[in-house]
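Here it is, the structure in full.
Chains: A, B, C, D and E, in written order; residue numbering restarts at 1 for each.
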Amino acid sequence: MRAPDTAPRARVGDVLLSVEDVSLSFGGVKAISGVSFDIRQGEIRAIIGPNGAGKTSMLNVINGFYHPQQGRITFKGRTRAKMRPYEAAYGGIARTFQNVALFRGMSALDNIMAGRTLKMNVNFFWQLLRYGPAMREEVEHRRVVEEIIDFLKIQEIRRTPVGRLPYGLQKRVELGRALAMQPELLLLDEPMAGMNLEEKEDMSRFILDVNEYYGTTIALIEHDMGVVMDLSDRVVVLDHGIKIADGTPDEVKRDQAVIDAYLGVAH
Amino acid sequence: MKVRQVIMGVACAGLVATAIYASKAQAADDIYVPLFTYRTGPYANSGIPIANGMHDYLTMLNERDGGIGGVKLNVEECETGYDTKKGVECWESVKSKNPTVVNPFSTGITLQLIPKASVDKIPILSMAYGLSAAAVGKDFPWVFNPPATYWDGLSMIIKYIGEKEGGLAKLKGKTIGYIFLDAGYGREPIPLLEQLAKDYGFNVKLYPVAGKEMQDQSSQWLSVRRDRPNWMVMWGWGAMNPTAVKRASENGYPMDHFIGVWWSGSDDDARGGGKAAKGYLALNFSGLGSNYPAIQDIKKYVVDKGKSQVEKDKFADTFYNRGVYNTVLVAEAIRNAQKLTGKKVVVGEDVRRGLETLHITEARWKELGFPGFAGPLTGISCADHSGHQGAYMQQWDGDKWVKVSNLIEPMKDKVEPLLQDAAKEYVDKATGWPKRTEACDKAM
Amino acid sequence: MASTVAARADTFPKLLMANAREFGARPAMRHKDLGIWQTWTWAETAEIVRAYAVGLSRLGLKRGETVAIVGANRPKLYWSILAVQALGAVPVPVYADAVADELAFVLKHADVRFAAVEDQEQVDKIQSVQDRLARLELMFYDEARGLRDYDHSRLRPIDEIIAAGRDALAADAKLGEWLDGEIAATKGSDPSIILYTSGTTGQSKGVVLSGERSIAAATDTVRFDHLNEHDVALAYLPLAWVGDHYLNFAQGLVAGFCMACPENADTATADLREIGPSFYFAPPRTLEALLTRVMIRMEDAGALKRRMFHYFIGVARQYGERILNGEKVPLSGRILYAIGNLLVYGPLKNVLGFSRVRVAYTAGEAIGPDLFAFYRSIGLNLKQLYGQTEAFLYVTCQPDGAIYSDTVGPAAPHVDIRIADNGEVLFRSPGMFTGYFKDEAKTAEVMTPDGYVKTGDAGFFDDKTGQLKIIDRAKDVGKLKDGTLFAPKYIENKLKFFPNIREAVAYGDGRDFVTVMLNIDLTAVGSWAERNNVAYASYQELAGHPLVYDMLEKNVAEVNKALAADKMMAGAQVKRFLVLHKELDADDGEVTRTQKVRRGFVAERYAPLITALYDGSHEADISTEVTFEDGRKGVISARVKIRDMKTEPVPAPMEKAA
Amino acid sequence: MFYREAGQFKTSYASDQAIFPILQDRIGIAVILVAAFSLPLYANDFILNAVMIPFLIFALASIGLNLLTGYTGQLSLGTGAFMGVGAYACYKLTSIWPDVNIIVWVICSGFFAAGVGAIFGLPSLRIKGFYLAIATLAAQFFLEWCFIRIAWLYNYNISGAIEVPQRTVLGVIVTGPRATSETRYIVVLAIVVAMTWIASNLMHGRIGRTWMAVRDMDIAAELMGIRLLPTKLMAFAVSSFYCGVAGALMVFLWYGGAEPAVFNINQSFTILFMIIIGGLGSLLGAYLGAALIYILPIVLRFVPEWLGIPIHAATVEHITFMIVGVLIVFFLIVEPAGLARLWSIGKQKLRVWPFPY
Amino acid sequence: MDILYSIFIDPFVQMAQAPDLFVQTLWDGLVGGMLYALIALGFVLIFKASGVFNFAQGIMVVFAALTLVGLHDAGVPAFLALLITIAVMFALAFTVERVVLRPLVNQPDIILFMATFGITYFLIGFGEYVFGGDPKVMPVEDFGLEKGAYNIKMLGGLVSLQKLDIVAVIVASAMVAGLGVFFSKTRIGRALRAVADSHSAALSVGISLEQIWVIVWFAAGLVALVTGIFWGARSDVSFALEVIALKALPVLILGGFTSIPGAIAGGLIIGVGEKLAEFYWGPLVGGGTDAWFAYVIALVFLLFRPQGLFGEKIIERI
């Protein structure tokens, strides 16, 4: 697929987001303690670690769902102690979820259209009439969404309620919904969990395509080490809420702490 | 899969067919008397005996006399459940069948129906309930509320209290508690109560009981205990009454200082309190017991033949007789209408005239088989649709109601101006309220 | 009417310009893309094609050069054909599913300088054989996806070429005139297109067709079927196949009707339903698969609905065709049919997308009488035609009202047919080809001195109907050892009419008796297995299941019965059969890309089985190499059982054929 | 079976996004509309007054609740009270400015309900599900209490009830006892149809999607930049607007007057039944639910008479209760997603007819 | 200032001036609260074990009491009537499980909630059809319960404790304690608790889900019967009683849907709270606050503790 050389490519730019000394705890239980790392423009950044390492919590902190007790997050040059979810979304952070969090009552098309909400702004009055500007906006965004549908090759299931789709397709629709936000930073929480080999290959392809075609910066959590090593430019390793390694896949692979904490128990 | 579609289809077809059927008018060769009753719902305890009384008396007329003036009465109950929605629905369903008169038996329903009466030409007989102002015949030609309005009732109670205290003047400084169902019905007497309080110098304490709290009432009665009013007056209905009687006795309130309006004086209301309720007072304008020839006829022609739904031990109890009273008025109105029009089969417009000429003297009561059953009803005229007749006080002796006073006449002078004001206000607010065009018949 | 235009124009680009003037605002082409049917009118199409042509000329495309067109049915590829033709160059369509080797052969043989391709997949395929294609300079692609990182020195997006052409046209008014001149300069007798035949044996041949002849042929059939600019056709058959080029492209341009391209192969059925074509073509194979699907889906319906369905299908069988043919039918029949039409036929045609079909054709191979009757009985005006690439499709076609399942109709308008002494059908037609590209020898081989083309098919004119009846490839018609006539295709077709049998290969030439190898139809037999609780884990297991054999035995017995009734064929009843453990596959070369069996190749490949069929053994082992979809190879081995058949007595003793 | 969709293809997103993309549906809707608007020509007063007008008003209220509960997933038991707010607002408005077109006031009264609804929607940010439902009960009982206690609301009428004054629009009497049932029916129908159309517009656009997003997965919605509180409050407001208008219509064009008891908890429950039986998250469901819950008992009441069986009115009522109870359970078992789902299954079957799927 | 005085000072002055009334109010609140808690207990039992929000609990109270009184009125001896009523409640639980719950298993909460509305409708119609809509007097004496009151002189006044109320409080407490023991000590009880956590856990104890449902509905039926007896004794037995079920809802909010002690605590808070509010502050707004006060208490609680008094803090995970 890709040349074995996974050194940062020219497409990778400046720091897009940095996390500094972030700590988070729930009722005394530490989920993350003093973690710092950064994500550069255009790269694919993996966050790995054994179960309970605080990976998902980290994503939740980044897009403002959890508010860390300590630490700072700098996104696009703006530093703040805590971020509100919608601020993160406005700022250009989109994500997918570990357990598919689609809007189950809606069709695939509507799910992805919902991802365009932020970009839509026709006022309530026209919405009532569904005419004029409202319809024009609807059509304009439908076009964008159709391109995403085309991109993800999910034309046949456009009108299917997502609840009825197989898991792999649901994951794809969820990616589509995140893409519809045209994010600068895309957070993927275990995008390949529960997939078979073929589906994983498809999903890897899509992730690379997204990164290439749209130039989106991607941060992903993944358990499949093979996938992580193939896809990512840099990897940060968490264990029990503490960062134990950070570097290119090769560096991480050789890191003794990582081997002890993670690879040692890998199956 | 198939089943679902079949069911849907059948349901839809049924809906349509029935709706069409329901809308067909009936051919009229009898006198149609619809009875709006409620044997279900939270107020069924009051509704059932009344419904039985009304139904049984009219049935008795059919059985004994072959109807009225030789024409059979078509008696049909429409279940309202004391629900305004269903009341209006009942109205719509009976109105095409030439009803003679409608007895809504709910203040709420009456209020909804009043505007419709003149349009649909169906008189409403809201016997001692409904809109008090409707007594003003000038403005409400189609609505009748004999023998007395709530305001009349309140004035009678105050008069009775005055009597017991040794003259109305003695009321000064006394406290009268008013416990009422927190709805239009219970709130209606308040203006008069407040005015009387001003006039006679007594204090008033209000204890509203929300419809959904009427089975509890403990806070209200605690307050009563704190406020220690000299007298308690109750405007209760349905399940509120027995609960109030129980709470009063539990809280040691002297029962003989606790007076209910005529809708709070059924046997069931007091029975729950048992012995402890002894002494509880209530207004009444219909007879007690079954010692009247006509009531015996009902027993003979209807109850014993199994044509009634009444339970044996509840036959001829207070509210049963109240229902009978109501239908005596209906029957008399129909008779009057027949006389006035010369028609056998009369309809709403005719019966309105019959109601306006209602005139039941003591002798007439006797003639009808009800000697001493009720006071004379002689006050009704085109101007006065209530009559402001008196009522008597009854007292619970632990087992049954006993009549304990003569007829108490209402304070007409206090009530009448309020009625006129209220009627005027009502008509003013209801823009486009029709002026009375109906002619006035002479009383017979 | 389109015919007047057609009469004047003798090349497709000329026709296009005429249509743009005449039907400017009517839709010329639709394509289900990004969720809706993107539509281009004739005027828009003409504008795009002109811009495209200018763009191509700026890339150096010259008159007489060839351009490969590789991909599925997409507007940009059709425009490529027209734009290439506008410059007097020759388009060479290639099957999109052709493997790299086939592709390399065609591209090399046709000397293509440019290739217009659909997407990354085709680009990859061509690049993998680029070292063999010295002349190929540049590829134009439709879909950019995945090609971003490719070396663009030899790649261009089609959009860019069109845009460049458009800019050039806008900048220079003279360019437009120049282009008009180029279009006008192309003569009707110049090659219009080269269609490579799939060829049942050996390498493909490039059939050269001229514009003039193509248009003449299409004009005849457009008139014959009364097609006009209000018709719609779904272009879902391979772009490189003569059928698509004739039925959709040529007829579309001549009649001015709208050609609709499906979103992709998976959605073709849904797209068919949406677009609701009025002119429809499907090979018997497709129709059969469709019918099988209909029947299987109906099996899952509730009992009541199923009974109703079968009842009305019965009614249709009884009256439907007669009503369609305008014959006399009793009133009760008409009423029943009308009810059936409301409850079954109408909705059925609707869900299949046939509601608006006025004319439907089927061709390519023999069609089962039941199958044919089914579609006609529900009111689909399905007809047969017989033709081949060399004739630019039409040799015969059935006129309305004279439709038979076992004949292919009288000669199409302006076509002459002659039956050679050996039974081979020869024809001369307005659309016939000008020759095989760069292969004079082959051309000479198939042409008779008096200008007739040899079809290679054996057939005769039916006495009763006067229509042509095709029995087999002329060279495949053989004889058993006892001299009985053996037409393998004829037997195979009879077998294939059973829904359970997907493919049959008959052997018998020069042997003692006839044997067949069968392929089960997985959909039909699978569904049967499910209903009858027959457990199976794989195709192979199902194919070898004794109960399946029992079922197929009955089918073969029926065929024997039918054969016995025909005096020419009675001696060629099937004596033994087996069920193959794998599906015959084009990737393995067992069938052609158009799904025709390569009998000889199969015999070679399954030689042990053939041996077993004739040596009386009841089992045989076989292992074959197979190619998987992704190009990997593997080996499948199996033990295949063989069944003996009883044959029907031959009705009357007959003279041995000479 | 009646759907013939072959050849109905969409060449633009506008037509693809249409509310009724299928021709046969458009024809069906047109037929229903024509039938509905011409109903007064052949139906009597009973059908109009006691069946159709209430049905339409309930359908409107159900749409209102469905916008909140079905589309946004916020369970509310305050519908009756919100209807009351509309009714009282309309009464006050037309009392204060009697000359303004009553239909304008009916619509405006929705805004008051919307405001009150939004206030009582505030807890929805923190509480969900049944907990929220019970919080809305507080609104229900508190508002009901206000209707009784605040005499200003009913213009200090002694009866404690509101009486609808006569109002004319363009010279036609629309409200009050002298308004003909035909007029009232047409006005109600027009308003209900228009508001259904608007609701449908909303639900097919961005707003509908954000609401459903909040309903289906509020966390994901929030992380996509949908602000929960404004979204939920807007749903409460729009829903209450519909309920308010329904309440105003109920009093002004159906009852002709009302006491507070009309807007009691039972009203709230009734409308909740309607949307659950009809189908959560479906406008059609609101109509079907209203038809089943409101019209079915009426029909049942007529059945014995129809069959000529002499049964006491009360017994009929008892049996009606039992049958309605059984039917509710039955329909839930047959199709928990409601009548609307039943219809869409049926429609799907008709579309693929004669195939079963 | 007057307003402030009457809101913030006067009620407390009153309390101090008439401590006996204050105690009486507390007692009445306690009794009322206990009875609310009993209804809430019925909800909790069913919700805990099956996740069904049983709206029919109110009508079950009426139905149980009506059956008892109806039988008694028909001449059946009191204790036999009680036994038969218990049997009827069991039959009801069994039927509900068979006819309603089993076909609706695994449906969303709201659907089951709606189904209990269907049950409510049916029981109203059925109950009225069989027993009639007229109110019936609960023959408390026949069940060995005494009427009357203990009047205790204290705090310069009189506090009156109804004997029935005392019994009600004792029985209610006993039932709570009994249920507590049942849940923690018995095999079935533990299974019930397990089922609240996971359905398969219960199956591993060897009790089928269906049995569990029958048991909890039966238990709720018994609670309903006890509730019905005491509420029936306080007023009459009639269908108007059904509305008091609504009072259990704020109790549930306070206590949490699954906590038995929560139901008790919630009931007491609501009972005492609304009595105090109506008694001391009600007159300021014209009284009648008990119609909504309970819900407002619940609402305020919810805003600060969305998970209820005894619920666990919810951490949202994604």
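The criterion applied here is as follows: a residue touches a chain if its C-beta (ideal position, glycine included) is under 8 Å from a C-beta of that chain, and two chains touch if they have at least 3 such contacts.
Every value quoted in this text rests on a predicted model; they were computed, and no experiment measured them.
J.: Give me the fewest steps it takes to get from chain B to chain E if each step has to go to a chain it touches.
T.: Shortest path length, in steps: 1.
J.: Centre of all protein Cα atoms: which chain's centre is nearest to it?
T.: Central chain is D.
J.: Tell me, please, which two chains come out on top when C-beta pairs in contact are counted per chain pair.
T.: Ranked by C-beta contact count, first place goes to B-D.
J.: Provide the C-alpha centroid distance between chain A and chain D, rounded to the nearest whole angstrom.
T.: 41
J.: How many angstrom lie between the centres of chain B and chain D, each centre taken as the mean Cα position?
T.: Each chain's C-alpha centroid was found; their separation is 35 Å.
J.: With chain centres taken as the means of their Cα atoms, state the distance from chain C to chain D in Å.
T.: About 57 Å separates the centre of chain C from that of chain D.
J.: Measuring centre to centre with CA averages, how many angstrom lie between chain A and chain B?
T.: Result: the chain centres lie 72 Å from each other.
J.: Mind pulling the residue numbers of chain D that touch at least two other chains?
T.: 12-13, 16, 145, 148, 219-220, 223, 265, 314, 317-318, 321, 356
J.: What residues in chain E touch two or more of the other chains?
T.: In chain E, 124, 128, 133, 246, 286, 288, 291, 318 touch at least two other chains.
J.: Quick one: which residues in chain C touch 2 or more of the other chains?
T.: 35-36, 302
J.: Flag every residue of chain C that touches chain D in the complex, lowest number first.
T.: These residues of chain C touch chain D: 30, 35-39, 232, 273-276, 294, 297-298, 300-302, 305, 308-309, 342-344, 346-356.
J.: Can you name the residues of chain B that touch chain E in the complex?
T.: 39-45, 47-49, 182, 206-216, 218-220, 222-223, 225-226, 238-239, 242-243, 246, 250-252, 268, 271-272, 274, 276, 311, 314
J.: Which residues, counting only chain D, touch chain B once they are in their complex?
T.: Per the touch definition, chain D meets chain B at residues 43-47, 49-51, 54, 95, 98, 145, 148, 155, 157-161, 163-167, 173, 176-178, 254-262, 264-265, 291-292, 295-296, 298-299, 301-303, 305-306, 312-314, 316-318, 321, 334-335, 339, 342-343, 345-346, 349, 356.
J.: Write out the stretch or stretches of chain B touching chain D in their complex.
T.: The touching residues are 1, 3-5, 7-8, 11, 14-15, 18-19, 21-23, 37, 39-40, 51, 76-79, 81, 84-85, 88-89, 92-93, 95-96, 107-108, 111-112, 114-116, 118-119, 131-133, 182-184, 187-188, 191, 210-212, 309, 422, 425-426, 429-434.
J.: State the interface residues of chain A toward chain C in the complex, per the touch definition above.
T.: Those residues of chain A that touch chain C are 109, 142-143, 146-147, 149-151, 155-156, 158, 209, 212-213.
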